[in-house]
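Next come two complexes, and both contain chain A; in the first it sits with chain B, in the second with chain C.
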Partner chain A sequence: MKDKAEIENQFPAGTAQNGRLPARSTKKTSSPLTWYIFLIPSFLGILLFMIYPIFESLRLSFYQSNGTIEHFIGLENFKTVLTSGPFWNAVGNTFFIGIFQIVITIPLGFIFASLINSTPRGKNFFKVIYFLPNVTSIVAAAMIFAFVLHPEMGIVNYLLDIVGFPTPGWLSDPSTSKWAVILLAVWHWIGFVIIICLANLQAISPEMYEAARIDGASGLQQWLFITVPNMGGTFAFLLITGWIGALQRFNEVYVLGGPNGSPARSIQTMGAFIYERGFTGFEFGIASAATYIMFMIILVFTFINLKLSNMKI
Partner chain B sequence: MEKKCFSKVNVLLAAVLVLAGLLAGCSKSGAGSGKADGEWAGQKINVQLIGDFAMETKTDPVTGESVKGVEVLKEEFEKQHPGATVEFTLMPWEGYTEKTQAMITSGDADVYQMPGTVDFAPQGVLEPLQPYIDKDEEFDLDIFIENQVEGWKALGPDDDELQIYGLPFLGDARFIAYDKQLFDEWGVEYLSDHPTMEEVAEKAKQMTGKNPVTGEQNYGIWFRGDWSSAFTLIDLAEGQNGSWGSGFAWDEIEFNFDSPEMVNGLNWLLDMQELAPEGLVSNQGNEKWLTEENNIAIMLNQGPGDTVKPAYAQGLEDRIGIAQEFKNDEGVGGLFAGSPITIAKDSENKDLAWEWVKFATSEFTQQYIFEEMGLVPSIKSAMEWDSVKDTELMQPVFEAMRTPWTPRYPWGSAQPRFILTSEVEAALTGERSAEEALTKAQKESTEWLDNR
Partner chain C sequence: MSGAFKFIVLLFFGLLLMAPFIWMVSVGFDRTANISMPFPPRLIPEEPSGFNYGIVFENGRLIQSYINSAIVTVSSVLLGVSASLFAGYAFSKGRFKGKKLLFILVLCTLMIPMEPRLIPLYKLFNSVDLLNTFWPLILPTVINGMLIFLCKQFFDQLPDTLREAAQIDGAGEFKIFFRVYLPLAGPIAATMVILAFIWSWNDFMWPLVVLNNQELHTVPLYLASFSLENGTSLGGLTMALATVSILPIIILYLFLQRYIIQSIALSGVKGE
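Right, the complex of A and B next:
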């Protein structure tokens, strides 16, 4: 066993903290360089695939460009997009689908989470069952939903017919196609909402419920006056992330209605509008301008959401 | 001292790894100097192909049979061109326009299979082929089925007249397909080879309802009401001696979307929709087509890829009939389709690329694409092959290839196509009348043209 003097020789006074051995002094001089070199590929990736496209897209938004031949036209692309009927139709569709997805999914997910949380048995089973849609690829899910909502052979219309309700054309009718997308979006997102709500529900102190029970509060009163107020942060989080996802919606509407959001542009979202003009019509300037306008819309809307929800980020 | 050495080794190792990673990422795969000997020594081309091509032998998901890969083409081409090396970039149809744009912008390939020649030629990224045709005594444009070369002509950035930027590689066509068994069950005479709108409407009406033999619900007709509906409508106008408009260069184009022939055509589609299953606007209702349980008598605007190979794979070839799309008084009408083969302007080995273009249109390759892949050949001599003669459904396909509207609709992948499609959908879903929809399509397309 080494005596105290020997240890002090090896590690001069002041270098040991709380009896622990200090870190190797050599790390201080050589580690940063080594790790910066390791980080170069990531930095290059960010530079090439994130920073550069952002600025290139901004540049393109001032040009009439088909990818190779370009003419500077100033703000004309922005003017074209902002005065375009199909663009505002796409904005309207995006918000319509987003609003109803959020208004339906968050309360419904919270109710399901509360029921699962109060279930004495099988919590994990229900968590898995409800979360399954969320891990399903939205593209695959959209393809399946096209069958589920088939006007003649789909299971939804089959069930509606059994109970005597009208059987809509769903994806072949502009008045119902948005609701078909909302149905798919709610089905896909609700598992995530349930899991997030459950995490918060399980973090609420049991003592609060115990005290309420002693004071004679009913189950509904406990839920209304303890559970709901304690969920504020979670609701704000779901609201903001839900809106960002909803405003960027593309995959499912592309699968269900193609880039021009068939039928009659009824499910064309902002993302699909950008895809249609950029990648199928070779109007990269228009697509880039629409991307920046969409970015501004998301930015402003997220800012409003943050203010309304009092969420601090 | 030992620690310092270790740190230096660490830094060195990291630097080497990063450099190796960068070099690996930036280098072209398979880059090599080619073979040492032969007329084409050291020359290499990269060929991009779109579709179900595979490098090696694979199983066809439709027929279940073994299909040879493009290694067959590589081997033969390199044998015919000693010293040359050919490599392939194979891509699926999904998103091919975007991928082709990315590839051609970054100079990834020398030769492209390019259905969008009309969009790429104006960018100045394609090599005009007329000079190669002129100086190559071995090559003759007469080898191709009539109208195929004409159909792929396009305008380059400095051209005043249509030029050849691509030669026909894959053939394609649109036609009307029908189920002979349903016609027999209903006691209706088969469609004539060149049916009129009236004939199709009358027969479709007769075959809508409960099948007198099976008792099943049958539908007289189906057409895709979304993605390709604009082209279905244009063909209806052509069948009445109308047209989509005129011109090829954007500054010369005039649309004719609101013409009486177009309005009449859209009203006809609205009438036909009553005889079709629900859901054609969302590409639904035709699920039983090309199955034993088929319930649709007539299918408008079909292609050989959707019809011929699946019909033979299902053993339904005797049940399927093919009639021509609606033609004008000169016998012209219907969408021109297929894939030409083109050379990139920035190819470093253009002479070798031209050799590949010739090879791609040679009997060897054309036979390979038909017999292995089931794709439609573009050369006249194909009609003499036993494999083609044995495939009876191919005969009307070749006829359809001779008579489409050419050159290809220049707005086929531009905004007017989407405007027209959306307005056809609006009419089919009852949002607007045929006249209102087409007036709107005409106005929006013309405005787009003026502002571009």
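Right, the complex of A and C next:
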């Protein structure tokens, strides 16, 4: 049945109708128009809230604009953004935080997922506990972390001090503030990584493990040679979604450092740069140009990630 | 590794992940924390009291932001989920020109971040005088590529024979959708509601842009403004506020954790 439908879709009406019984064609009452009606809400949404803004943003990037007065200035905004120190600083911050978040969270999350998957007791309990940070809002989490990482009265430095480690200034010091954000990002994202890994761990066929056991492979060997290679697609998915999220980072750095990412712009991300230029400075043209550069970075980066991970969409 | 050892390792790191929450609750109940943060940190408040919570509720802005968040979230979920059910069904069972192309367009929306749309959407809602209302938060949720995709996948699993049977009985497309397929879509609808709820409740950047009026602030906005105004002073109050703000989502999570975890896993795995 399905094949027939596909064939009919592929060939123009004339060719398909030759093979069709007259009885069937009278039964087919619905016109394509009905289907378009089903799609109206979504496509009105896509048109108004996706396609229009994308093009309007492109147009604005060639104008000097504060929302009411507009001047065409060509590529001037792009030049301004691309030669601006704060912009590249924001790009650097975004990538720095993103890289370490991903490099730390994916392997760590995978190890925890493997442990949870093979623990005889409390599997469900651990799933619930480890995933909890991910459902709580990042805004509230950032608020809590400002205290947890406080250099003098925070719990982290208190414990570090007890064990005899140096106590960094975390968010009060530009040289360590990015690490504070990374810590928060890892804490918030790890539950998601664990849940995705767990779902895919359970999809690996048990027969492979059985065969390996018969051949005398140890638990660690099975993990290294069966589990890890079978998780390729999962890691690729996490890498791509992780990067898309990381490149758009805004909420937590805004709560922790305001629109300019203090201290000393050390945690201002690309999103925060756009917000700062657009909504505290009302430089819509510059913000739009920055937005397009960011959009390109995301697209290029996603493409590279897709290639690297050999993923097919 | 033995089972007991794994259990202890997992318990240790689980407690480590929970530590910020545990500390948050403890500081919130500490009367002296409102003057200065207790140091050295302690788990049991020296002077346990509901003082900080009292102030949080007396102030009233938190309750107002709760109401605002509730209005926005419920409307967004209703709109987003129903539009996605319609679209997902059409993409799964429909036969019409341009179906493949339109579906690719839907998938492309998944790649488009909020940032490039921020300023045009702001100007758009400004031009129809809807800034500082809830409409800009509700209307754009009508399009959600992820939900449409999940929904299409679900309807793909339901047999076409149901349609044919209903067609023979003379039912039109809408009747088939509402009477035959929609009643079967319970599980996927629940998943979509959960995902849309969490996304909408935690949304921050866009509300920050369109809601300047404090009266209309949603919960995350109120938290952020409180946090930016007070920094790391008023520890006890901040922690009480944080506790109350995440309570609804934690309660929801503890009751529905099985479904929430499934939904996230589903959206992740199927997104592959």
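The definition used in the following text is that the second predicted complex is superposed on the first by the 271 of 313 C-alpha atoms of A that agree within 3 Å, B and C clash if a C-alpha of one lies under 4 Å from a C-alpha of the other, contacts with A are read in each partner's own complex, and residues count from 1 in each chain.
What we mean here is this: contacts are C-beta pairs under 8 Å (C-beta built on N, C-alpha and C of every residue); 3 or more make two chains touch, one makes a residue touch a chain.
Remember, predicted model here, so these are calculated numbers, not experimental data.
With both complexes placed on chain A, chain A has more residues touched by C than by the other of chain B and chain C. Legend: residue contacts after superposition of the two complexes on their common chain; A:265 is shown touching chain B, with no touch to chain C.
Once chain A of one complex is fitted onto chain A of the other, the partner contacts of A:57 are limited to chain C, with no touch recorded for chain B. After overlaying the two complexes on the shared chain, residue contacts for A:69 are found with chain B alone; chain C is out of touch. Contacts of A:183 after superposition on the shared chain: neither chain B nor chain C is touched. Within the superposed three-chain model, A:173 lies in touch with chain B and out of touch with chain C [touch as defined at top].
In the superposed pair of complexes, A:106 makes contact with neither chain B nor chain C. When the shared chain is aligned, chain B comes close enough to touch A:281, but chain C does not.
Of the two partner chains placed by superposition, only chain B is touched by A:80; chain C is not. Once the two complexes are overlaid on chain A, the chain A residues touched by chain B in the first and by chain C in the second are 29-30, 34, 38, 41, 44, 67, 146, 150, 152-153, 258, 279.
By the touch criterion given at the top, residues 3-4, 7-8, 10-11, 14-15, 18, 21-22, 95, 97-98, 101, 105, 119, 122-125, 157, 225-227, 277-282, 284-285, 287, 413-415, 418, 421-423, 425-426, 428-429, 431, 444, 451-452 of chain B touch chain A in their complex.
Residue ranges on chain C touching chain A, taken from their complex, read 1, 3, 6-7, 9-11, 13-14, 17-21, 23-24, 27, 36-41, 82-84, 86-87, 89-90, 94-97, 99, 102, 105-107, 109, 111-124, 126, 139-140, 142-143, 148, 160-161, 167-168, 172-174, 177, 198, 201-202, 204-205, 208-209, 219-220, 223-224, 226-228, 231-232, 235, 238-239, 241-242, 245-246, 249-250, 253-254, 257, 260-261, 264-266, 268-269, 271-272. For chain A in complex with chain B, the touching residues are 24, 26, 29-30, 33-34, 37-38, 40-41, 44, 64, 66-69, 80, 85-86, 146, 150-153, 169-174, 177, 256-260, 262-265, 276-277, 279-283. The touching residues of chain A, when paired with chain C in their complex, are 1-2, 5, 8-9, 27-30, 32, 34-36, 38-39, 41-46, 48-50, 52-54, 56-57, 60, 67, 112, 115-116, 118-122, 126-148, 150, 152-155, 158, 187, 190-192, 195-196, 198-200, 203, 219, 233-234, 236-237, 241, 244, 247-248, 250-251, 254-255, 258, 270-271, 274-275, 278-279, 284, 287-288, 291-292, 294-295, 298-299, 302, 311, 313.
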